[in-house]
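After this come two complexes, each holding chain A, first together with chain B and then together with chain C.
This part shows the complex of A and B:
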């Protein structure tokens, strides 16, 4: 059981690439912390720095309050599950599981006992004499987990351990990892680019972009209270729809925003928080789950959209659409804020809509669920 | 029909080519089993390739005319030492060049690559002076030490190690293994094809070494087989059957080694992209 702290960590590679910038994060004892972000955001570099496989350019890494920057991997008392498992191909499953115990110079009896316990826990008992090449992807994954567990380390590190598995197996192993971690309560740092994996596994989730920590919070809070546009768009599947808008005073001393050529009135609370942004650039966000059929109960305004495409998932559909003026706003990378706004809006609708691509459809908006971000992309309300 | 003819012609051509390569070996083996008098008589006909009356007399003659065992043991000892020590030294050097970070690594590796193009003949004379100064002449050491570190072997190991997944080493380090333990327990067992290739190539080179042993040895006590067969060739009376028998016994260990390690050797050569 251990704590982990990243204190103002930066990493600059030899070629000058800035991979991580001033990164701070504290992981509590027994916590499963997920680092999530797009490819190349620096999450794996952070994990590798904690493992001792990459040097730290500046800042301090602490395990259990002890600075580990100068320590080689073997002295950090950590275990790691690699993306491609990194099982030793010439060793049987038993020897793979035993290897870290041999390095710890444990006696034969204790090694045998620990291997047998872990094999039982992970359902590997019947596979102990097989070589990795004789195992399926899921079985290899379990052996990799077993090799990490058997040492009873202070910290588990997992680098996208599910990314080589097919969808069904990924779901199954994800559940097994969660159950295992709950049972062992070993402090775990888990890296993934899959936000669904992050949300379902993490006690807390740290969202990273371009080497910087964007937000760290419990999964539900990340979804409900994103700190900025990046988190809003990254968390959720699909992510939040973002559009640029302007505020307009209404006759009843309230405020309204533009949605294409349509004007949508804001609630009093929203108007109060946004009044100082009158005349300034503003971004609004609406989750796909807040766009409904017009007759849904919490709909406060309706719009007509032109359907670009529909992804029918059976029990629900993802409907991609633009609206008048929207195309000019987002197409062709002409807009300077194009990385802020969503190229196409998306709605998550029950069943399958009665219209197809190219047709128009009336949709309802739950305006209470609008989010607002300032010109820099930080959340306002 | 046309296709069949083309294929037939190709196969015929390949068979002739194979025969050209295999004929000297057949001639040697067959000749070694014949009475000496028949070897030259049949040399011009296809019967030279077939041992019509098998006899091991020539093999016995070799042992009675020269101290073959001494030559053989010398060759085995010298070649064995060069192969074993070479595998250790060159594999470690290749690993250091491929995986470890240290100042001057790339410069030094460049120099190693440059050594690849320098033949032994070019440095034989200065090397000869050096070993003479050290008093190494007429010893096993002089035939072993200069050939342990080998640029080609280092290059071959380096190429192979680069192809091994880096995660294996990282996993071993995290599991608690130091550099040497990682090398011995993880890298070496996964680089068997490279070891087999280097072993065979080194064995072949060393087994047939002639010029250097000729320069640095004068007594028969430490001389290897190639010098032995050269001396045997000039030993009157000239007996072709005996010479062939000597040749067969000299080539046999090489063939045996190749047969045992053939699978790994082919894999190693394929994996490193090196032509044997």
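This part shows the complex of A and C:
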């Protein structure tokens, strides 16, 4: 039963690196909050500050309304699952699970009971007398989980707990973590770089880039209403296609945008919101899911693309193609939007298209699903 | 193996044979003879006679006792001191390299040089460095003593020299052990609620176990081979108070030409060291089995 608040938190490392800037986030009691972002974005630093393993440069960290900045880790009543598990190699599984309880100076009987409860819950009962090195990766991961939950802490911290597992195990344990957290209802802060993990696990997801919070929302909202280009491109697999474009008035007093040398007409609602951007830099986005074969029902415009490569997954294919307007726009190396626009466009198509790399293919666009961003990359509509 | 391989290995093998294997075998053989350089008596096989003699020699028994006392004191003191130094140096501090160098420096000095320096430190009379130091810290209560000629203080004086000289080496080994402990374990323990002391007890010590066993056994073996300091600082005196098995062996073989007796003593020393080594392997193997 705990809440966690980051209030205007910043972290500057001794070498001057600015890891986190003015970070605000409130985590509700019992919530599973996922921090997601590319490597080096500061998410792990945030977690370690909450754990007490890193000092806070400025701002306040609260657990249950109490400022914990000056408290060492052992006084914060938190538990953490490390990326490499950090099991005590010289102790058996039982001793590993018992360790936090012994540090709490619990009696022998209570320790025994709690350990057997947790071992039962996680399917570790048969492994209690083994040493960590005799366990598989998945089993070690469970012991690490068990060591975290056995003491019933106020907050769970998980630092990329699945990254050392193979894909199948990752999927399975991801489900187990979700079920466990729903059952225990312990406030949890979960750090990952994998947006799929974030989307499937989080009650809410906080997207972080370059030490700043980009957006925090429920997974579906992040996907449907990204606050900026970074979130749009980061969330979704693959992320949103972004291209630079310009608005043009049409004969029927609507608006159209450029797609290479082609014009795509906008809907009235879109045009209304965008009218004030006439003549200004504009970025448009289209999810790979909004690009179809030309005969699909909600297709409103078709384009011809030159296929760069195809990743066939069986039930669907990811088709990569160059955006024809891109080359002339980004010629001259460092135009400011180089990291805003997608280097390659991608479409998610059912089955396997009847064309190969280097060939041309006609595709349909669902223009209703266009997103627009201003010159700074913030969402317009 | 090809002929070329043997050819390449030959110089090293020859060296090993000449300087390790041969003396070793010779010592074993000679220990059962009456060989004495310059003696007119013919070389005879005398069985265990030499061993009977050395074990009834009060000087040799005193030497073994001195070795044992030396090991019992120096091994724990030096190991704890090395552990303490290693813990102090195993952190990010300014000038750390300087301290590491300082503590390691005595290891680099030849033992004979170290011994000479400490003879000066232990100089008798009020002007001797150690006497003057003790007088200062006891506010004048200390009466100057002649450490190296004092039957009670001579052995402790040699112990002090040895600890000072040897602690840096152990420190470096323990430091390497400390640095091999993953930082995450400390973080996990802190989060699990362990205080600094408990982290030391539950993470550092168990993780250092093998390092410490190694260090203790090497120091024990070195304690039984104690020679240089004795030779230079006290020559075994006063009245055998600082004699050691190795010193007795050298005295017998090279001062009195009793080569067979010297050989017998080295055989006994070899057996002691062997025992210590076997003990170490037992301890370490136990650890592996549990692990």
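Methods note: the second predicted complex is superposed on the first by the 371 of 381 C-alpha atoms of A that agree within 3 Å, B and C clash if a C-alpha of one lies under 4 Å from a C-alpha of the other, contacts with A are read in each partner's own complex, and residues count from 1 in each chain.
Rule of thumb we're sticking to: a contact is a pair of C-beta atoms (placed from the backbone, for glycine too) under 8 Å apart; a residue touches a chain by one contact, two chains touch by 3 or more.
Everything quoted here is computed from the prediction, not taken from an experiment.
A.B. asks: Label the relationship between chain B and chain C on chain A in the superposed model as either fit or clash.
C.D. replies: They clash.
A.B. asks: A:104 in the overlay: touching chain B, chain C, both, or neither? Say first, second, both or neither.
C.D. replies: both
A.B. asks: For A:22 in the superposed arrangement: first (chain B), second (chain C), both or neither?
C.D. replies: In the superposition, A:22 touches no partner, neither chain B nor chain C.
A.B. asks: Check the residue A:184 against both partner chains and state whether it touches chain B (first), chain C (second), both, or neither.
C.D. replies: The answer is neither, since A:184 touches no partner chain.
A.B. asks: Tell me which partner A:80 touches in the superposition: chain B (first), chain C (second), both or neither.
C.D. replies: both
A.B. asks: Applying the document's definition of touch, where does A:72 land relative to chain B and chain C: first, second, both, or neither?
C.D. replies: A:72: touches chain B and chain C.
A.B. asks: So, does A:133 touch the first partner chain B, the second partner chain C, both, or neither?
C.D. replies: After superposition on chain A, A:133 lies in contact with chain C alone.
A.B. asks: In the superposed arrangement, does A:147 touch chain B (first), chain C (second), both or neither?
C.D. replies: Both partners, chain B and chain C.
A.B. asks: Check chain A for residues that touch chain B in one structure and chain C in the other, and list them.
C.D. replies: Comparing the two interfaces on chain A, one with chain B and one with chain C, the shared residues are 51-53, 72-74, 78-80, 82, 84, 86-90, 99-100, 103-104, 147, 151.
A.B. asks: Can you check the complex and tell me which residues of chain B touch chain A?
C.D. replies: So the residues of chain B touching chain A come out as 165, 167-168, 170-178, 181, 185-186, 189-190.
A.B. asks: What residues on chain A touch chain B, complex-wise?
C.D. replies: 51-53, 72-74, 78-80, 82-84, 86-90, 99-100, 103-104, 147, 151
A.B. asks: Sort out for me which residues of chain A touch chain C in the complex.
C.D. replies: 51-53, 72-74, 76, 78-80, 82, 84, 86-91, 99-100, 103-104, 131, 133, 147, 151, 157
A.B. asks: Could you please specify the touching residues of chain C with respect to chain A in the complex?
C.D. replies: 182, 184-185, 187-195, 198, 202-203, 206-207, 209, 290-291
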